[in-house]
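Two complexes are shown next, each including subunit A; its partner changes from subunit B in the first to subunit C in the second.
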Partner chain A sequence: MITHSIAALGRLGIDILRSQGKAGLLLYGAIFRVPSIRKGFPLVIQQIYATGVLSLLIIIVSGLFIGMVVALQGYHTLAKFGASQQLGPLVALSVVRELGPVVTALLFAGRAGSALAAEIGLMKATDQLSSMEMMAVDPLQRVIAPRFWGGSISMPLLTIIFNITAIYGAYLVGVKWLGLDAGAFWSNMQSAVDFHADILNGIYKSIVFGIVVTWIALYQGYEAAPTSAGIANATTRTVVYSSLAVLGLDFVLTAMMIGGW
Partner chain B sequence: MNNLVEMSQLGFQRQNRTIFHDIDIAIPQGKITAIMGPSGSGKTTLLRLIGGQLQATQGRVLVKNQDITRLNRRELYALRKRMGMLFQTGGLFTHLTVFENVAFPLREHTQLSENMIRSAVLMKLEMVGLRGARNLMPNELSGGMARRVALARAIALDPDLIMYDEPFSGQDPISMGVLVKLIRTLNDALGLTTIIVSHDVPETLGISDYAYVISDGNIIGKGTPESIAHDNSPQLQQFLTGLPDGPVPFHYPAHTLEQDILGQKSGEPS
Partner chain C sequence: MLSQRTIETLVGLFLLAVIISLITLAFKVSGLTTFFNQEGYTVTAAFDDIGQLRTRGSVKIGGVTVGEVTNIAIDPASYKAVVTMRINANTGDIPVDSSASILTAGLLGDNYIAITPMYSKDFLKNGSMIEETHSAMILEKLIGQFLFSVSHPGEVSQNEKSPEKNPN
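Moving on, here comes the complex of A and B:
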């Protein structure tokens, strides 16, 4: 009984290590086996469209509503202390430092990550990847690398757009609806937000999240069992693992940034 | 006669299961060779071993006198440009039109001008009778048409060797007839060497020059279609004539019916 448990534990360990190794090789291939500029550039642009432009609607709508809700909640709390003029800094800091990168990454995992995993899984299940290999075209170079770069480039751009729409949403609620002074709203925000410590750190987070979410999605799709159930599992796992990775990494990155590492 | 592909003492294991055990197969140049066997006998695996997508655990696979297990990635890809493979599902790129699917290998591997690519693609599509379907998307094609497009794509780079994985499965009689004729015509007209992996006995034996039958990891029959048809081995005859019971039993291993019904326990099923 005990030997069985130890053997099972060993097998689990080996399986985990093996999949980590495969994921590492996939990432290595995606980063270094880039196609030539002439062929690769249009492919990356296509993927920026697929992962970035097609995610715009959900990012803009969510950004707008999250900004509006934070402003509404923040206003009522700040008003109790007579500090409602600080609404601009409150919204801007929470959005650019935390909500922007994290919520964008979660939405990105749900919209673009799941689509990537399903697309690659389907290509695998229908022998498109195998036939590409047999045509002497490397799927890592032709399919995985452009998607990796496309996803990693889209994510920070989407975060910037999310931040802008969220702040605009807060402006609509704070200034247009609740009657705060527009000058105070913007100038307080401007003086409280630091470009490096707040905005850039948020963007750095989004770059890391973009790489991680795209990597997870591509790996799950590439290693999916070539069946309908395999593809369904791959998309589910992409969203679950990406969300956990984003939230966990967010804590680590925030600790590093605040701790000044 | 020259052999384009030679597999000697080939062994392959997957997840502790032996798929092939010490088999020797030679594919003569310019001929159609059939590899037949029941489902799950590893026929597709054999094609993947020839294409270098899987690595043999024992023995050698020589393609054009090069040991495919010892090639590096660049050499393997160079060799693959001389091979075409038709997958059971076709493997067409779903986001590209028929024309672009056939043009794909040309765009990837040649520096031909757009005009020349157009002419080459239309010629290949003409060979499979689908020149008129060039603007359709793969989801608008029937199963047989999709296989013909995949065939046009597989011969786009004028390979020396073409491999068909179950080309006839799930085809209506007309598409089957079209595919049978195409495989024979292309082999003869383009001077190809053809390997067909299939379990459709009459169609496959009807067009092949030589055939191997594999089962349980071993070769159970080989020779010309006539000699295979007249072979008296019970295992081979069960496969060729489709008998429900024989060396491959109808029943999955189990306790005897009496033991199961009457609830008697007597150890593991034999």
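Moving on, here comes the complex of A and C:
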């Protein structure tokens, strides 16, 4: 009885280590098996289109509404202290430092990550990856690497778009609706937000999130069981694991960066 | 399936939107005006106590920002805080006998350096030092002195006593 449970624990440990190792090998393959620029570039462009351009709508709409809601909530709290002039810094700092990278990464995991996992899982289930190998085409090079690069490039770009739409959403609510002074809104924001410490650190975060979300999606798709239930599992795990990884990493990265604030 | 050319055009538009957003973020949101060090010259001043002054704090003449604090260090010989500040080139010449004081913006605001110009015909150059300085006024110290003088009426506080001793 006891030996059984110890053996089960050991099996669990070995399984975890093995999947970590496979994920590491997949990442290594995706980073270092870049095809020639002339062949690989169009593939990467296609993936930036699939993960970046097609995610624009959800990013812009949610950015706009998040900016508007932060402005509305912040205005009423700040107005109690007679500090409603500080709405600009409040919105800009919270969006640029935290909400922008994190919310974009969560949406990206739901919109692009799940699609990547399902696509690759289906390729595997229908033996497309094996047939590529039969034709001496390396699936890591032809399928995984462009998707990895496309996803990692799209994520910071989407974050920048999210930041700017959220700030303009806050501008709409704060200045156009609640009647704050536009000059005070922008000038307080400019004196509070620092380009390197706030904006660039937010973008660094989003680069890390982009790599992690794409990596998890590709790994889950590539190692999915070749059945319909396996693909369903892979998409679910992609969204769950990458959301957890994003939230956990966000804390670690913030703790590392906070010295500059 | 869209043609490769359409996809490339759409991705190009996407990148263009990103670049415009980044430029807006840099200039409109963070107020980034200089990628490189602006032209100007640096001067130093030694203070007894700089309070909450930090690097990137502003340097003002008559309330107008004319530069920023670039470095704060301790002078190991005199134990004074040596503040290095960069004055923008378009400020014009500042007389050498001007005084620098550390003031607070509002009751709880940030500290900044205010330079009060004087009348000398010699002007500050790159690397010169402002001799006349006034330390930051620290609220806790003032309250402490006030409480001391209230609880010990008739006694004179340490600071006021010392000048009287000197003549003896």
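By definition in this document, the second predicted complex is superposed on the first by the 258 of 261 C-alpha atoms of A that agree within 3 Å, B and C clash if a C-alpha of one lies under 4 Å from a C-alpha of the other, contacts with A are read in each partner's own complex, and residues count from 1 in each chain.
Basically, a contact is a pair of C-beta atoms (placed from the backbone, for glycine too) under 8 Å apart; a residue touches a chain by one contact, two chains touch by 3 or more.
Note that the coordinates shown come from a computational prediction; the quantities given were computed from them, not determined experimentally.
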Does subunit B (first) or subunit C (second) touch A:M135, or do both, or does neither? first
Please work out whether A:D127 is in contact with subunit B alone, subunit C alone, both, or neither, and reply first, second, both or neither. first
So in the superposed three-chain picture, is A:I48 touching just subunit B, just subunit C, both, or none of them (first/second/both/neither)? second
Go through the superposed model and pick first if A:T254 touches only subunit B, second if only subunit C, both, or neither. neither
Which of the two partners, first being subunit B and second being subunit C, lies in contact with A:N233: first, second, both, or neither? neither
So which one touches more of the residues on subunit A, subunit B or subunit C? C
Thinking of the overlay built on chain A, is A:Q85 touched by subunit B (first), by subunit C (second), by both, or by neither? neither
Indicate the residue numbers of subunit A shared between its subunit B interface and its subunit C interface, in ascending order. none
Of all residues in subunit B, those that touch subunit A in their complex: 48, 51, 53, 73, 77-78, 80-81, 83-85, 87-94, 104-105, 108-109, 150, 153, 157
What part of subunit C is in contact with subunit A in the complex they form? 2, 4, 7-8, 10-11, 14-15, 17-18, 21-22, 24-26, 28-32
Under the touch definition given earlier, write down the residues of subunit A that touch subunit B in their complex. 122, 126-128, 130-131, 133-138, 142
Where on subunit A is subunit C touching in the complex? 42, 45-46, 48-49, 52-53, 56, 92, 96, 157, 160-161, 163-164, 167, 186-187, 189-191, 193-195, 198-199
